[in-house]
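Heads up, the next two complexes both have subunit A, just with different partners, subunit B and then subunit C.
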Partner chain A sequence: MSAQAFTLVGFGPEGWGRLLLLAAGLTLMAALCSFVLGSLLGAVGAALKLSSSRSLRWIGTFYTTVFRGVPEILVVYLFYFGGSLALTRLMHLAGFPGFFSLPSFIIGVVAIGLVSGAYQTEAYRSACLRLERGQIEAGKACGMSTPVLLWRVIAPQTLRFALPALGNIWQSVLKETALLSIIGLVELLRQSTIASGATRQPLLFYGVAGLLYLVMGQTTALGFRRVEKRLARCWER
Partner chain B sequence: MDWAFLFATAKTLLAGVPLTLELAVTSLCVGFVLAVGVAALAGSRFAPARWVAALYVMLFQGTPLLVQIFIVYYGFGQIGFLRASFLWPVLQQAYWCAVLALSLNTSAYGAEIIRGAIAAVPAREIEAGRAIGMSGLLLRRRIIWPQALQYGLANYGNEAILLLKATSLASVITLMDVTGLAYRLVSKTYRSEEIFMVAGLIYLGLTFVIAAGVHLLERRLTPCRRV
Partner chain C sequence: MEPIQPASPVIRTVGLTKRYGALDVLRGVDLEAREGEVISILGASGSGKSTFLRCLNLLEVPSGGTLNVLGEDVRFRVKGGGQQIADARQVNRLRSQIGMVFQNFCLWSHRTVLQNIMEGPVHVQGRNRHEVRAEAEQALERVGLLERADYYPSQLSGGQQQRAAIARAIVMRPRVLLFDEPTSALDPELVGEVLKVMQDLAAEGRTMLIVTHEMAFARDVSSRVVFLEKGTVRVQGSPQDLFRGGMDERFDRFVSHFSRQG
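Coming up: the complex of A and B.
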């Protein structure tokens, strides 16, 4: 059994090792794209929630409440079914008959990115609130314009305060990409399902998939901790 | 807006709420018991016990819940002694597989919350308790646990909300909870926007109920912090 298991997950002609690693790479890509999209949305969301206009704040709150309160799988489904339908309708209007569907990678990245953006909004917002007002006032007193102030005072410190929370959000994004297996993207989990279907070894392949997720998560967590330390160095005295 | 369809959808999907809640509550209770055990291991003076706890937490926090569900649902059938054991009739059912995976998953997060809550009890209060002769269970019952409960409750409430959302994954292994019913309805009617919107609203409603409940419980349990 164990010798056979090694052949199956190995890199030989019988082995699924190469495909699994490629799929893990796709998982990492999807997670990275979703996280970056989420960062952009999070920055916008935090700006909305911290704005002085009540209606903008309301939009920000609506965004975070909805996307943090609804299961991720529903968001993924909504974009999977809804996205294709919307595209098909759009193409029909433009005069192209037939059924059109979006690539599941893009749908997945948008869905997971939106959810992680809601969590990142909270991370950036609370980090921004930890900033001392005095520093912003000091920057203004020195004659910094708003973009310069944002770039030199607000952004670096917000990032530093938000980094531990961002690390946690990255971990959940990485794990949430497993949901994309349901909409047909051949990422790590989907590839393991295919392999276990072909070999009738679900325990082995799902175990290997879990291990690969663990390795990816732990390695990136190490990276995050390094950056945290590196960023903290500027504030050491 | 097709209100008649929305109401019909809501009626269909609300039928899944009992299953969703059942999954969440069962897993929360089983998960809490496991979490207490793991937290006890993590706080033990015996180093290998702490390693076991750390490994447990890392395994269940570091892998996607969906992988865990698949391992239990598809993988456990491969383990010979499990198939032969009295547990097999239980583990054959998708419901219990989902409960098992959800409980194990939430227990890892719960253990961290409990550990943090116990660590947050001020050391001087424990010392004071010891100084007036309290020890063992008395010290825990009177000083440590009530305080830890105050610190940990809000976090455990968040975990309960995350667990409620996580139960939606049980639909992937054929359970007809709110998400499962929504999926089935979409594949029948192709009206995905409305159906998933209603499903989302149901989850949002449940989330608010849990959040309000935790808030109420917190107020009741911490009369001293009320302002």
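Coming up: the complex of A and C.
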């Protein structure tokens, strides 16, 4: 440790600081994209599970059961290798030999988005069940059409009830992006591995990576808490 | 909106029924509410009075009979042995001209009082936000809540919430106002302030249908009293005639039961 360590994680010509920060940025970006994709899937999933049609409910349950029940790393592998295999076959048919792999960022976002979507489905579903009937009836009674009712009453109230659970899901999505290192995405974990290999200082670089994960997690958690507090004002007595 | 002829009913039901499974809640209710009438709907719990009121703005879908609102027959279609709303746009259009005040106020908890009141005019009727704001503030002043405009519903007393809910209803410029037991969820000392606002509205010549247990209000403010029993109109008439007694034995017993309690 000491002076040498500071040089290694610093921003000088010998330092890995810039690369680590860029990798942390990529981690954050992957987490954000996965979470947003998961929100959309979660909204659809909750709608399916709350639907009055039995077959739609079955589809929703199938989705959440599979993606909550299978290890994330398996989902990532399946999508990466399965997707690449399919692409390679397709390219062979078109007359291009060799191995083709799908872009790991997109594959990773889709895989983690699908898993987080399954968890978000449950968050939205249970939040929806907490809506009071009167809140919706008041909207109907003044003539709101279904889209207006969804957008002006149901969505904001559901979001407020779901927010604590969404905060937790966000934290785990942020950490799960580390799985994308195994399919070649140079995000924070992968970059630290590279740096530790090159400098033979694993403890230093994994320590710094851990610190960066913590900083990202805690900063965003603060944001979630602030929004939660603001929204709670309307509900507390 | 075409003007209604003075004699034409704002709301007319003929043989309105409502069934939940094997339970007949409404067994054919005939009622006509004309412009400017203030109708109190009385009845024991289970008489179907709230269900009837909720049928008028289609929060409950009637199982049979005809419902005419503002001169339009509400269209239904039959599905799976029951009735459904056939034309959602017709219903939404009619609903925007029917104000509803709920027993539990049902202000939107995520919006301030002022936002609650502006919601319908801006997002349902598509009116200009600035004009609506001025009108909303006027309405709040009328119900004595202007200084609470930026509070959230949970920060208000029940009486204040109900007055805000009334302001929310009138700012839509409705042709008729429905009140579903508006004072039943209130602490006794808060009932008066809400009844006072309703009395002012009645004096303005608004058309109102009120499901209530407030006998004094029904007697002194309404122009007609309708007494429901077991899902049908048992008797109706002017409050003077009915409350004098002797017109209907069941009604007299119902009233005496309430005055003994009160």
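The definition used in the following text is that the second predicted complex is superposed on the first by the 222 of 237 C-alpha atoms of A that agree within 3 Å, B and C clash if a C-alpha of one lies under 4 Å from a C-alpha of the other, contacts with A are read in each partner's own complex, and residues count from 1 in each chain.
As a working rule, a contact is a pair of C-beta atoms (placed from the backbone, for glycine too) under 8 Å apart; a residue touches a chain by one contact, two chains touch by 3 or more.
Treat the numbers as computed from the prediction; the structure is a model and nothing was measured.
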item	value
Three-chain arrangement built on subunit A, subunit B and subunit C clash or fit	fit
Which superposed partner A:A141 touches (first subunit B, second subunit C, both, neither)	second
Partner chain(s) touched by A:K175 [first = subunit B, second = subunit C, both, neither]	first
Which of subunit B and subunit C A:S126 touches, first, second, both or neither	neither
First, second, both or neither for A:R160, with subunit B first and subunit C second	second
Which of subunit B and subunit C A:V70 touches, first, second, both or neither	first
Which of subunit B and subunit C A:S101 touches, first, second, both or neither	neither
Partner contacting more residues of subunit A (subunit B vs subunit C)	B
Touched partner set for A:L189, first subunit B, second subunit C, both or neither	first
Contacts of A:T61 with subunit B and subunit C, given as first, second, both or neither	neither
Closest Cα approach, subunit C to subunit B, once both complexes are overlaid on chain A (Å)	27
Footprint overlap on subunit A, where subunit B in one structure and subunit C in the other make contact	none
Sites on subunit C touched by subunit A in the complex	57, 59, 88-89, 92-100, 102, 104-111, 119-120, 123-125, 152-154, 168-169, 172
Partner subunit A, residues of subunit B touching it in the complex	58-59, 61-68, 70-71, 74-79, 161, 165-166, 168-169, 171-172, 179, 182-183, 186, 190, 192-193, 196-197, 199-200, 203-204, 207-208
Subunit B-touching residues of subunit A, taken from the complex the two chains share	65-66, 69-75, 77-78, 81-82, 85, 171, 175-179, 181-182, 189, 192-193, 196, 201-203, 206-207, 209-210, 213-214, 217-218
Residues of subunit A touching subunit C in the complex	132, 134-135, 137-146, 148, 152-153, 156-157, 160, 231, 233-237
